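These notes concern the structure reproduced below.
Chain naming follows the written order as A, B, C, D, E and F, and within any one chain the residues start at number 1.
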Amino acid sequence: SHPSLPRSLSFHLANKLCSSTLLSTLLYDLFLASLTAHPSLRAAVVADLLAARARDPACVGFSHCLLNYKGFLAIQAHRVAHVLWAQNRRPLALALQSRVADVFAVDIHPAAVVGKAILLDHATGVVIGETAVVGDNVSILHHVTLGGTGKAVGDRHPKIGDGVLIGAGATILGNVMIGAGAKIGAGSVVLIDVPARSTAVGNPARLIGGRKGDSDKDEDMPGESMDHTSFIRQWSDYTI
Amino acid sequence: SHPSLPRSLSFHLANKLCSSTLLSTLLYDLFLASLTAHPSLRAAVVADLLAARARDPACVGFSHCLLNYKGFLAIQAHRVAHVLWAQNRRPLALALQSRVADVFAVDIHPAAVVGKAILLDHATGVVIGETAVVGDNVSILHHVTLGGTGKAVGDRHPKIGDGVLIGAGATILGNVMIGAGAKIGAGSVVLIDVPARSTAVGNPARLIGGRKGDSDKDEDMPGESMDHTSFIRQWSDYTI
Amino acid sequence: SHPSLPRSLSFHLANKLCSSTLLSTLLYDLFLASLTAHPSLRAAVVADLLAARARDPACVGFSHCLLNYKGFLAIQAHRVAHVLWAQNRRPLALALQSRVADVFAVDIHPAAVVGKAILLDHATGVVIGETAVVGDNVSILHHVTLGGTGKAVGDRHPKIGDGVLIGAGATILGNVMIGAGAKIGAGSVVLIDVPARSTAVGNPARLIGGRKGDSDKDEDMPGESMDHTSFIRQWSDYTI
Amino acid sequence: SHPSLPRSLSFHLANKLCSSTLLSTLLYDLFLASLTAHPSLRAAVVADLLAARARDPACVGFSHCLLNYKGFLAIQAHRVAHVLWAQNRRPLALALQSRVADVFAVDIHPAAVVGKAILLDHATGVVIGETAVVGDNVSILHHVTLGGTGKAVGDRHPKIGDGVLIGAGATILGNVMIGAGAKIGAGSVVLIDVPARSTAVGNPARLIGGRKGDSDKDEDMPGESMDHTSFIRQWSDYTI
Amino acid sequence: SHPSLPRSLSFHLANKLCSSTLLSTLLYDLFLASLTAHPSLRAAVVADLLAARARDPACVGFSHCLLNYKGFLAIQAHRVAHVLWAQNRRPLALALQSRVADVFAVDIHPAAVVGKAILLDHATGVVIGETAVVGDNVSILHHVTLGGTGKAVGDRHPKIGDGVLIGAGATILGNVMIGAGAKIGAGSVVLIDVPARSTAVGNPARLIGGRKGDSDKDEDMPGESMDHTSFIRQWSDYTI
Amino acid sequence: SHPSLPRSLSFHLANKLCSSTLLSTLLYDLFLASLTAHPSLRAAVVADLLAARARDPACVGFSHCLLNYKGFLAIQAHRVAHVLWAQNRRPLALALQSRVADVFAVDIHPAAVVGKAILLDHATGVVIGETAVVGDNVSILHHVTLGGTGKAVGDRHPKIGDGVLIGAGATILGNVMIGAGAKIGAGSVVLIDVPARSTAVGNPARLIGGRKGDSDKDEDMPGESMDHTSFIRQWSDYTI
């Protein structure tokens, strides 16, 4: 009885996120109303599904992603929380953030701006702060932090360009810019800007050179190619 | 119908942590009884609320913290588990620890000693071992481990001084001492004592110099000032 | 009314993992049927219990582990998911993986091959990919990733030998071999093969020498001895 | 977030009737879709609310009825089940009937035809069979049965005219006609037609005379006037 | 952890009556607060337990009654709803009435005045209206109605004297007086006053003579003696 | 994953009857163990299914009955409670009785002896006492009471012969014998023995003559033929 994607997604998210104070019926209503009212939200859902299918070899189909990927589900819940935040329904937006943090262990502030065609792979432990901005076609592995640097209010979180790939456990802190098509190695701690199409690895992170060419073709975007291989090759070179 | 803080907190924690074997009514009763019997527990709750409000720019009010901060809630559940442990009601204390680890992904052994005015920011993945001691006015980011170093029973976990700030993903292992007012950089792996008011970064961690002055004023305590900024500046210097 | 270990375990797992779409009765039936049909599964459960008791000084008894250790429970759920995967009941296997990832924040692909006498200590954030293989007598701390390196289908995850110890937050990526009895330091990022009985630490990881002797005795296996002490000593030497 | 009556009613019914196999989100969706698609359903809901308010002195307001009256809620659930039955979605219609029978102890076959402005007062134990027809402005007390008379398929249940009042515990069996404006005394067992505007009492029921006048004014309709008083007076006369 | 009767009863009632909008923690708190504040409530609970033990041969102990008797539990929930009604917390009182009607199929208006040492045996289907008064030492079987007679507001429900026994399925309508020590036969429909120590049977009910003596001794009170036997003998005589 | 009838029934009953203290996994285990151990139980389940299909024109199939008929489900739960009672597991048997009384509003004492091929039609409000005995091929409508007559322990409930039909709302009290093939009219109050193949109607009940012939053929058994028609004809004659 849930023929369309917005209904299926709302149904599934509501059942996963409901609690004694956020009833599933209320959440279903909320998700469905947001998805119905905002075509851009629906487009982003589709783009995220296509991204998971294209980039994750373990993804065996759209329904597998829709039903089982906590990263996908956490992003969609964030998209709705972001709409609520923009509507100044902040207590509900924050309650939704909190519930996603409990259920999926993914903590994205509702004010954070997130693009489309995003893959949150495995997703456990991802933290994205209030003033962070994430571009399109970005892939973020688990345990990644886009965090702040103090207790001052204001613009204090990273800006992630289009097509960026951020490896597992990477920590990016402060209002730094990660340029389009950059790669951040697993476990890196990044406190500085990273130029477009370059690679940063290590703790603290160092840049290990850009890549040949300056094409904007999709296959060159690590957020889409998930090209850890070349990244690892580069790093292995570096580690010798 | 829950006018006072102990009742609100007990009510909220019970509903978040209840399971098929730990009924919410039982948990409510347990939390309320502990908070009623121990004024020091109530004082610590208030101190933690004030700490979250003062140190986290994303915290929009006490009720936001009380309702939505898994780190705050996990610490309060630990305080009750610690009381149970001291009363030799160990199976219940361990069941509570386990339930907090499931619901909030925060794993604090009930025997661990935790001070007051603690901020567990984001909190996912925090692990604090059996013989760890955490002082007052400490701020601990997500994915932080205060772990042991082997299978021998005994005092085997870190001791964290007052006013310490521990960055996201830091791993501190063994019965080491982190001195008052020290800073531990994000992603650091610390296996050695860190002197008071000094900073440790990297994997493995290295000390990168103390700070000017030796004042005990609050603003100098990184656990309270959340002064990642200077920390990052220091580290950035170091990384050049 | 649950006298035997398989019944107790099935009962407990079913109540922890049930959801609105995976009813506890269905899960109980599924777990009990798998444990009854596969003696090797039952043997692995017992071996894991004994491993937790022997290696974790905070483990106060078998029932404590059975009731409260999310790592132990996550591994047992994986064992059943793995059976389902082998029976080509893949949607159910993937749903179970997803549910374990939500409830325990442990994400193990059902196709991954996991040996016996495994300790997943604390367990939050562990990710083990589709083509990973884990030997016997292995101890894995929390936040450990055995991950892939791109979007190509195929054998792309680590192979962990018998008796390996992997410290908290270590990230091992790609189809690399971690030899029997090796140690991987906390927070390490490993992209290369690690020879048997050697130790790798750092980000990126470097080898810091083997160990004296070549005995196969249990006490020499770090996965069993949990000998972080010598490991830390070695690393501390290295860090000077 | 449920401004309109259909949403409030769907929300409330879904939360009351949900079970492990009829999720609240599914029910909410189902109720809201039916109420949205059928204006006559919405009109009947309003008429029933007005009827409860007008006829039941214990009804303190519309929201009291909407939230708390199991008879009102059971009728609305039946209206939706009846739509499902007409759409040939019979297993779902029967599941809904069964769930209403469990939760409210009101058992109305989805094929039964029920008019508008119906009051099911107290409602526990009401049974209405497959081929029963209930007119408009009818009031039915608790424990009332509109039942069949054998195991033959076919038209075998009572037909209740407009404005009828059926007292608590009355049992009406077989394809009999209860004429418009008739009264059936509490505890009566009725196996015969009852003429319009007449009164039947006793076990087995006997007719105890009609009423003066033949006006069609509302105040003359016992289903609306709830005029047990005159009914009792008549009966008391009869019992002497 | 629930040593005293008020705590056990509050715990048990809260778990039985909780719903998505009446959380068990809230109910527990409510029941415990009422029982703690009103010694007469606690005395009535004890008197009801003693009554069930003394009068119901199927009652095998106090805990059996406390855990399993829906009539006992429904009465205690009513006592709390009655306190709420007197405190002018009417929406909550009505919500509690409604929930008891759903869960136990016992519908007692919170304004109804109910004495102590009451046995509601089996209890399903009992309805007691807003202005009804029930004395002490009364036994009421299942399907009994103490109902009203129209839609006028005002004193319109029966008054039941001390020591009355009301048989299964009896319907008593209107502001009639059932005198102390009277018996009402099963299935009776009573629309008239019944003198003290007399017996009414049939539909409509007729008086079938008083009893010898006018003692006030307990053994003469049918509400306590549960003396259906003599009642049946009398009636059998009558039926010849 | 529940191929056989015992598994399906156990699964379904467990999900319907589970509560915070009777977990569904425990109930599933209990039902499945009883059904597996007692072939006569399984035979009775099948006989009851066949009876519902044959006698209830509204029954559209076995799965409809298995899923939705509260009378069928209540009887099966009673069969298991009866086994527990015989095994001297009385607290569990009584808890199960109580839970069935809450969920289905059917209250059958676990000691009551119930035959096979039983139809409890609609079922709400049925009460069957501790020493009652019900034969085979009996049909019992809703609101039927097989009750006791006082507070003395001992054999005090009705004995219902094979093939009896008991109409809605009938109340049978005391250790009376209802002979094989008898019919009890709806709403009757029966305090006396009823001979085989005769009919009793009214309050108090009177016998209204036997039936022609004395065949034991099934079609003559009202419990199987559900022949209310002739019963009504007889009664209608009687009422003139």
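The rule is short, and it goes like this: a residue touches a chain if its C-beta (ideal position, glycine included) is under 8 Å from a C-beta of that chain, and two chains touch if they have at least 3 such contacts.
Protein identities per chain, from UniProt: A, B, C, D, E, F = serine O-acetyltransferase.
Quantities reported herein were computed from a predicted structural model and do not represent experimental measurements.
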Number of hops, chain E to chain F, where each hop joins two touching chains: 1
Set of chains whose contacts include both chain D and chain C: A, F
Steps in the shortest chain-to-chain touch route ending at chain F and beginning at chain A: 2
Proportion of interface numbers common to chain D and chain E (over half same, under half different): different
Chain centre separation (chain B, chain E; CA means) in Å: 53
Chain centre separation in whole Å, for chain E relative to chain A (CA means): 60
For chain A paired with chain C, centre-to-centre distance based on mean C-alpha positions, whole Å: 27
Shared interface positions of chain E, touching two or more other chains: 15, 20, 23-24, 105, 124-125, 143, 169, 187-188, 203
Chain D residues within the chain A interface of the complex: 1-2, 7, 10-11, 14-15, 23-26, 28-30
For the chain E and chain D complex, residues of the former touching the latter: 19-21, 90-91, 94-95, 97-98, 101-102, 105, 107, 109, 124-125, 127, 129-130, 143, 145, 147-154, 156, 169, 171, 173-174, 187-189, 191-192, 203-206
Chain A residues within the chain C interface of the complex: 15-16, 24, 54-58, 60, 64, 67-70, 103-105, 122, 124-125, 141-143, 167-169, 185-188, 201-203, 225-229, 232, 235-236, 238-239
